[in-house]
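Consider the two complexes below, in which chain A is the common component and chain B and chain C are the respective partners.
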Partner chain A sequence: MATITRSTITNVLAKQGILIAFVLFIIGFGLANSRFLAVDNVLGVIRSSAILGVIALGVTFVVISGNLDLSVGSMMSFSTIVVLDLHDKLGPLMAIPAMFALTMCLGAFIGFLVGYLKLNSLIVTLGMLSAIHGLTLTWSGGKNMDIADKQGTWFGIFGRGDVLGIPVPILFFALLAIVLSILLARTPFGRKVYAVGGNGTAATFSGIPRARIVFLSYVISSFCVACAGLLQASRSLGSQNTVGQGLELEVLAAVILGGASLLGGAGTVFKTVIGVLILGFIQNGLLLVGLAFYVQYVVTWVIIILAVWLDIAAKRGRFLSPIA
Partner chain B sequence: MTFNLKTALIASTAVMGAASGAFAQEQGTMKIGITQNNVGVDSYQTTYERAFIEAAEANDAIDAVVLDAGGDVARQIAQIEDLIQQEVDAIIIWPTNGEAVIPAVRKAKQAGIPVVITNSNIAEPGFDFISSFSGPDNITQGARAAEIMCDKFTDMGIQDEAQIVQISGQPGYTTAIERAKGFEDRLPEVCPNVTLVETQPGDWSREKSQTVMEAFLVKYDDIDGVYAGDDNMGVGALNAARSAGRDGIIFVGATNFSVGYEAMARGEYWGSIYQSPVDDAEAALKTAVDILEGEELPFLNYFDTPKITQDNMDQFDKPVF
Partner chain C sequence: MQSEQTVRFLKKGAIWAFIVLELVFFSVAGHFLSLSEGAFMDLDNMLLLLKQSAPIGIIALGMTVIMINGNIDLSVGAIFAFSAVILLDSMTWAVFAGLGDWVIPVSWGLALLTGTILGAINGLIVWKTGVDAFIVTLGAMLGYRGLVFMYNGEQPTSELNWTLVDFAEAQFLGLHTATWFLLGCTLVLWLLMTRTVHGRNAYAIGDNREAAVNAGIRVGPHMMKNFMLIGFLSALSAVVFYSESGSVNPNDGSLYELWAITAVVLGGTKLAGGSGSVISTLGGVIAIQLLRKGLGYIGSDTETVNLVIGLILIAVLYLDRQLNRKGKEELRI
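Presenting the complex of A and B:
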């Protein structure tokens, strides 16, 4: 009986190392500042992280399929600016689907280049990072985009509203995480994404249409970016052209922190969510502790490395794993 | 063909000369080149460029060569070298980087071309090579923001107990450092009992500032005022306070943006510093022209950036950016 329990615990540890690291940090920050765990603060942090989180959900698909997406930051700026501009021109009801269509066209274009022309995803999306930024600036003429009548629109409900005391962005994030988690873990499509990223040649021989799977993973990613743009636009009802700048690296950090492999074939939606929350709570925790910002940069790195190491140590069941 | 071209040149020079007074009759038109930082990246720079071109076109004696470095230091250095090759009469530079452009500025000086730096100054080792700096005085802007905040606290009768937080611009940027310094030095002089409890950077971003302010609101039960390095960040902080239901906080920013102006009109945002990109552009052009006409100018040729609050905002036009 005792041995079964022990092996079960070891198993859980090995599978959920990142979750354990997360809980440890939460306890640590909670002891450092009693307000860290106040309901308002926790909800606030998750609400702030939701935008990054929604994008990370989509990028998880791209990464598991063995590719990268560095264009999500500027794509989010694009969708934010576009939906704000169209809000005043077409009204919110038309602006939202129009923005989703435009953003997903960009995703489909990237998916076409990577999937059907077999171009390197790093090069394609790095290029799209600047190209989409240029597109955004062309659209806005470089001006900040603001909704003219901020009081009189219902558009703010996505970013500012709440249902039974829970902010809408959190519900949005949770709902999307559940749907995409089911898509990835419980459908044939999801299994094909793992197969394409894990061993592409084997996938081809099993009759999996690799190009279509890669294409669809970019479309999913751009759909998530459009959701994030909607949340962002609705939260601030106005935006700078650079609102998503640098987000692509934070998103990748969250996805990798969650344990997805950069080489493809591994990762889950749930772990990405944990990765996102770790980044969000680190930022908030360090602000509450009140460290100077230049110390924060260093401490953030230390905590991330600590989390990755704890994850790996739990998987291997030992602290040291020298390259041999 | 050659003859025609020559005649046309002579004719046009004569027309220009007749139109624009003594200087032009001696020298022909003034060819002034400008290389800007990153037009189109924000509304301020977009408006600046438009105002500069309009001001140059309005003056027949000026022939302007307008370039943009797109935020790229290497491209800006190449543009400065191009302008030197074109033998322009003066070069105006909006530096992409205060250190990296110095060698190119030195080259211009050696070629005998006066250089005017606009908007944000280059680093001190380069001062020997430039004729003048035209732009806003960010230290004074910070100091004036401290005065606006202190005056308001005095009106409210809380000048002896108020607690404030500061959200500064991107770390490492001269504008961010100078505004924070101006504010922090001036505040204890005018309101010695107001405490600045914490400063964190908002990186000129509304979203980042909102996140920082959310943490401040959790951490401090009592916040009476917020000083933000520009209105974009100030409005981000305002959004955070409003969604947390914390009323009565006095928000003061800098570089009055249209969002800040609107929030002031709604009575949610107290004050800011009015800095017009149109004034900025016209001041830069005028500085270059004055130097070419041989006028004595102060080395730091600031244009005025007045205080704007809910009380006097009707004297100012709503910013276009």
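Presenting the complex of A and C:
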């Protein structure tokens, strides 16, 4: 017998609050502005969120395993610059796997430091943010990187192409989200990621190889960053060295907005996608209403804090913090 | 006992030993590699180095207090920019037109007040909602940056007041104004952290919040005061820097939070809270600036600086862990 009590309502609100807020937000803006829900606008929003989104998918694994990754922005600059440079030197067919290999080496290095050497992930990835930026500048010599023959290459299809009227970045994002969602929710590996983030010591005593799980979460994160770099490079066919600067904190905002806990052990790929879309639609909605792009920063600030606050408040059963 | 003391000495003096190492290395390497005639350890060069350390340094001192307290503040760069905008813009307000040069202290006061208020907002949210400081200040980093943009659009805010520039460029007893501010802040914060109840409480809360609550420390207001302190110091950093430069872009100060945290960690303060020292942070700030200048001096480019600083940060973390493990015989899982 399922009776609807007050506690179930609170429970549902706490669990699906972000989804409900998202739906209300979409309906509200849809009523306010008829262009907001037009197909081309919706596709445009998802398309422009795709790069942030792809990275956020990977960072979700890292955050659920109880760590942070601040190096993704600088790593994306690296992969973008590398693939553009190799495009002209090796040809696009060889450049893409080479770039993936190099980027995932960086991810593996971070995973080694955080997983096997058990160093603090915040500081390690902060250091790598700086180090990878240096690596990028060394690679490019500090100059902007451009593809010589922009008309004659097929490289642009990842960022600019359409399949059946749907932009390729969206398909890319969706496909990756589905695959990673299955990996996280339906495989033993995924369960282990939650176990390690939820209680690392308990996981170790249950025979879960904690170091390897953390290591792999960073490799997955760097794989996603490489995908994002590919999309970015393919969309612009040229790039500055700082293309991903500041992205790490925006990505983290999207992941947190989706309900992943920074302490680890909580969050899903689906919720991260919602978090990414919320940020994208807020930005778009405010632009359509005629507000400047920077108003979204302030709105994002309020939304992030409210979302996390309500989440915590529902868990502890009272609104204000019990700290004296 | 002997080895324990050695370890402790190594940990405390490490940053200063590192600075000496840098000085020796760049002096010797510069002798062979540098294109410039002057020696690296030239007095003017070192004085300039201290001056250039000031903006990040003043923020990093505040960050030390916040991190000893067990929190973190990612919004300092945005607070820095917003205070700078208030500083330069308020000098042109019609209300203050009759003040002449007396507008300077008024504008300084307004800018410092702005920083303190923004810090207080962060602190109040951390206190009342119980949301982790990392998330609160991550949000504020975006939010405050948005406020900077909303204030003046995407335009830079400029106002050059020559009295102010003269003051900022002045040298007293050989040291630049900015250096005096940096050293003054270090002294005041050192006294605060080692000689006052507030300082002792900061360590206690960072070490074990539960125990601090049980000991009767009011943790919430305490943390809020620290956030006000770092807001004030971010504003002070802006005041010192923009008095001289006279123009602020809405994107100024981004990534300052990361540089400040890097300096604090190099100085040996733990992320987990409960230990650390303001003086060591000053060492961390100087070490980074020395590295930048030194690498430039021997003809490397900015890219190497980033690479080296990143790798040093990781190496420090690794060494620190190894030293701690020897000290504590921690459970190896």
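As a working rule, the second predicted complex is superposed on the first by the 282 of 324 C-alpha atoms of A that agree within 3 Å, B and C clash if a C-alpha of one lies under 4 Å from a C-alpha of the other, contacts with A are read in each partner's own complex, and residues count from 1 in each chain.
Going forward, contacts are C-beta pairs under 8 Å (C-beta built on N, C-alpha and C of every residue); 3 or more make two chains touch, one makes a residue touch a chain.
Remember, it's a predicted structure, so these values are computed and weren't measured experimentally.
In the superposition on chain A, A:239 contacts chain B only, with no contact to chain C.
Put chain B and chain C next to each other and count what each touches on chain A; the higher total goes to C.
When the two structures are aligned on the shared chain, A:44 is found in touch with chain B, with no touch to chain C.
Contact with neither chain B nor chain C is seen for A:164 once the two complexes are overlaid on the shared chain. By the touch criterion defined above, A:322 reaches chain C but does not reach chain B. Applying the stated contact rule after C-alpha superposition, one finds that A:137 touches each of chain B and chain C. In the superposition on chain A, contact of A:287 is made with chain B only, not with chain C.
Touched by chain B in one complex and by chain C in the other are residues 137, 142, 294 of chain A.
Looking at the complex, you find that chain A touches chain B at residues 33, 35, 38, 40-41, 44, 48, 137, 141-144, 146, 150, 160, 232, 235-236, 238-243, 283-284, 287-288, 290, 293-294.
Against chain A, the residues of chain B that register as touching in their complex are 39-43, 45-46, 171, 198, 200-201, 205-207, 210-212, 214-216, 218-219, 232, 235-236, 239, 243-244, 257-259, 262, 321. Those residues of chain C whose C-beta lies close enough to touch chain A in the complex are 74, 125, 127-132, 134-136, 138-147, 149-150, 153, 213, 218-220, 250, 254-255, 258, 261-262, 265, 271, 301-314, 317-318, 321, 333.
Residue ranges on chain A touching chain C, taken from their complex, read 70, 113, 117-120, 122-124, 126-138, 142, 201, 204, 210, 245-246, 249-250, 252-253, 256, 262, 292, 294-302, 304-305, 308-309, 312-313, 316, 320-324.
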